[in-house]
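In what follows, chain A forms one complex with chain B and a second complex with chain C.
The block that comes next holds the complex of A and B.
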């Protein structure tokens, strides 16, 4: 789960980085060699070998579209351990699962928890990631080492992160002891109302390097000439950062925000390993709820309905957002023109 | 993505869907290669067996599998291919895919409490009298172990393989120092004894309130012993006063009696074992023979012994359950997949591994008790005596497909009460509302089970 997500994220980061670099190269090459660019564009528009998309397309259909359709189909069935064996002929109950999910299950509470925890984690990681990227932008002795260290939380598998934190946060564990020496008694980390903040905290620790990575890729795209020009204009560091550098970061960071949010909302491993099942009511986030409904209560139909509802709930703001920042338009990779 | 032809896309979707549903067939014909003398001829065949990984004994398990495969080959001419699963989730996934697709391993090893859920899928063979004969006869097994093989004596799918009954361990020195001559037999007595042993950083009882299984086993045991088996026909009885009393007793060790380490609100069973192994606790509750290797390497090696857990419910003077309910019926069952095309071979394999000699051999290597009655009776090691007793006095959890939900509900009451526990007091009204919540969820699940 998390490995998939992180692979996806890594790919996205790479493509964002290369896109940003590409656009920078484009921008610099366009001015001197004006006549060559329309010809290149015409070629790529006219004879795009779309058939080469077929293998990827088929794969996408098999691993995304078909399961999605099956999931929607399942959500209309009364599918549980009694009917699983001949699941295609499980009783069709229409929208009953959806009604149950919305009215008599903790689904909406879970959605609220998932979204609020993801947003909180995101709001904290954004400035952290940007600050780290800016701090390691200029060359200094040992920069490579620092940059590598920054990436450690990101390369550790979620499972490891969660296990280590769980051990540290145990009652009378290392965190409690450390805080105890300065006279702070926080109480339980892994049970009760504070679990929500524990989850946010660990998520922040685990995911800020991702923001850092994308911010770094955005910084790499800032042309040298721009730095020079702003220096000539006498811009001091804050103005330079605010009006010259940050606009370059808008694209990559929008992408980071989007992917990060989706990743947090879908993060199963972290809460599962940190808190176990059944989870305390304050961290019964969407993936945990869906998991428990499927694999502890064996209500496959109901959990498919839950998953579908959450997909729709997430897709609406996602779609609006994608349109707003035009991330789906490959020709304008976010850089303010 | 833009596709030139939408009909092509439709064709691909259809083909993929067909490919996915196509494997949903699967038939259940039995091979008829049994010769007159009852020997099964499996020459050239391969039997697929799914078992759980024994992470404590990786080398020994490989060795055992190789030995069994060789013996099975000599007996039937067929090969055995072992596959392993690492966790209950793994196993569940395998079972689900196999159940849906109608293909997969021929023989599965299942945890006892998971057997009702597996039975509810109807994907496993319910053994006929004839089938029982093929695995060596029903009477070769310890009768208690058959308690969770099926809903009643005529419909049984699970063939007992090993018992892993729950007992408690006690520290002989600590008990003696507190002037206690024998371990407690009632929960009230246990709390009294524990109070005597609690002082200077030593606690009477070691248990983990954050364990994913232990809490519900305590509540189940105390309720059953008070005469409430939790399921009565189509009624889930979590709202019975016996259950509340059980929770209060269990939480009371921490909040009232103060005989457990306050840190145990965050402990799992392994933390409790570690605490007991360091000599800091009089009793280690809810443990099995699998704690032997750890304890024998610890500083209390030779100073501890096992005993039956109390069988008299809190506030009672004698057990109200038929049978003592010393432990949940725990261990492994073996089931044969309904879709298997070599059921006779599967039965022959089960006959081999449940034979007296193989069961004793398995016990020697892995510590799990034999399900084979004769083998169980022949164990002479005094340390194993209480374990064997517990195996004979085990009682099955309710046999219903709804048990998964019920267990979750029982556990959830504890999980949501842990913050109160840590604060030192579990509010009665809050406890009641948590029980009520789990009661209604469990009842809903039971209602579905009776329809399904």
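The block that comes next holds the complex of A and C.
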């Protein structure tokens, strides 16, 4: 029984992830084909209009691939505001930029900040998102409105979120006033050592709806029989959630975890607008450090090296993500396992 | 067992229980009522209080906002008339609409044809391209901004084409960075379309282009809208590239607001009211787009997990 059940749960979670993507397509789109259904046999090999790939391909080569290689090349040059104009003939210094980035720059501190801030934000958003999804799963009056409201933080552009929180967190601003009425004095939000927690808090506010969305798509996969069975067994709500419903969420939530981490680590706009540059040392996350090194200190070569190192860092969750995605048979980037 | 009354549902259907059936409701219940109410109230307040505050602060006086008033002591809509010139929102919004709008249209068009080839034809490197589409969505912008900047400034040095500081540079950049996700959205969408129609059209002698224009396009407009909107949002929300590659006259709304906010530091009381009014105006188009296309967009979000 237990193996059977767990197997079913796994399958359901998979199809949940795949359906989440599939609903991007039309809700009315028929054919609920599972991830394992054999479908790719009919791919045509004759008369292929491959030229249609050219416009997008050319764009991506010029604006993504070439700059990527250029960035790697620049990371080996001694580039500053004087040599940038003729960057081709800038002095070649090999790996010196990388050595400097690793040893005498705040890079390692930034890596630590980026990773810990992303993880902390993720750890809080997960339960928030799950709670929201579980609470809005069943129909009640006004559910559509609540669901729309829950999406607002995610819908708002990052620069708007940051501008608004920046205003609310000013010294003696609304947040300080509100906390003051209950006798809490936190101190400065936008300067000094607490800025790290400010960043985490605002990121949590902005990104829990994403977890909510993916958790919701996982809940759709819970079959009706499962509800019936646990009702017959008289399962308490907590046990039902813990042992029956949550296993369905594992797939979508691991996906959400990976993508969310990538988003957080790559998030430039939020810290940039929230704190401005130069940012306080406690929020100098990787994107900010790279940006400041380029456009404030004009150490372009060093910045390129930092960017390259952060790409390596990104590559870890990215690799896991790409491995987990079925490119073809599944309808979507669902977790494969 | 009384399964006769229970509806057996295939995995493809939605989660909504049979309306009007109390028993169904009890069976499907996940949380006890009080807890559910607490969660909804807490999360609702978490979202709505800041949102309400933006409205209230935008009609408040700057001193009122600085003193931490929630409810304004004086109402005034002046801020909404000032921001067009003081923040530069008139130029900013015009540029944002132009650049993001053009990005949306072109990216949607390109992504349909690209996805069509990727989904319906087999060729060497197809899987690599699919994988690349996913990978490219996660390339950090901070990694790209400097090389792209250098590339564009080289274009003016060596080719005599001025790209930096124009809307063209932004447009091309956003278009390229929007393409991977837009294409992925279309790939997932086109996979859901039945192939039979295309086959029938081919038997009737339609060319590849004919199939694309006469069959695919009319059938896939919801997907096209979604991929276009995501491309639009990418351009609308970007601060990084726009802050490096624009001049005052080609600034987007995002950069205009960011610069206005940053310039308020120090000295007198910042123009909080105008900042909030401008923030609201910048957010409005995005929120409206979401509300209109919510049904499709939510699916698109979970498909690629990109904002």
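Annotations
Just so it is clear, the second predicted complex is superposed on the first by the 245 of 337 C-alpha atoms of A that agree within 3 Å, B and C clash if a C-alpha of one lies under 4 Å from a C-alpha of the other, contacts with A are read in each partner's own complex, and residues count from 1 in each chain.
Methods note: contacts are C-beta pairs under 8 Å (C-beta built on N, C-alpha and C of every residue); 3 or more make two chains touch, one makes a residue touch a chain.
Keep in mind the model is a prediction, meaning the values are calculated, not measured.
With both structures placed on the common chain, the touch criterion links A:66 to chain B and to chain C.
In the superposed model, A:235 makes contact with neither chain B nor chain C.
One of chain B and chain C touches more residues of chain A, and that partner is C. When the two structures are aligned on the shared chain, A:278 is found in touch with chain B, with no touch to chain C.
By the document's definition of touching, of the two partners only chain B reaches A:191; chain C does not. Of the two partner chains, neither chain B nor chain C is touched by A:93. When the two structures are aligned on the shared chain, A:170 is found in touch with chain B and with chain C. Shared-chain residue A:201: touches no atom of chain B or chain C. In the superposition on chain A, no contact is made by A:124 with either chain B or chain C.
Of the two partner chains placed around the shared chain by superposition, chain B is the only one that A:298 touches, whereas chain C remains out of contact.
When both complexes are aligned on chain A by C-alpha atoms, chain A residues 50, 53, 60, 62, 66, 70, 84-85, 87, 170, 172-173, 276, 295 touch chain B in the first and chain C in the second. On chain B, the positions that touch chain A within their shared complex are 1-4, 9, 12-13, 16-17, 20-21, 24, 89, 92, 96, 99-100, 117, 120-123, 210, 212, 262-263, 265-266, 401, 404-405, 408, 411-412, 415-416, 418-419, 422, 445, 448-449, 452. Interface residues of chain A facing chain B in the complex, by the touch rule stated above, are 50, 53, 57-58, 60-62, 65-66, 69-70, 80-85, 87-88, 170-173, 187-188, 190-193, 276-281, 292, 295-298.
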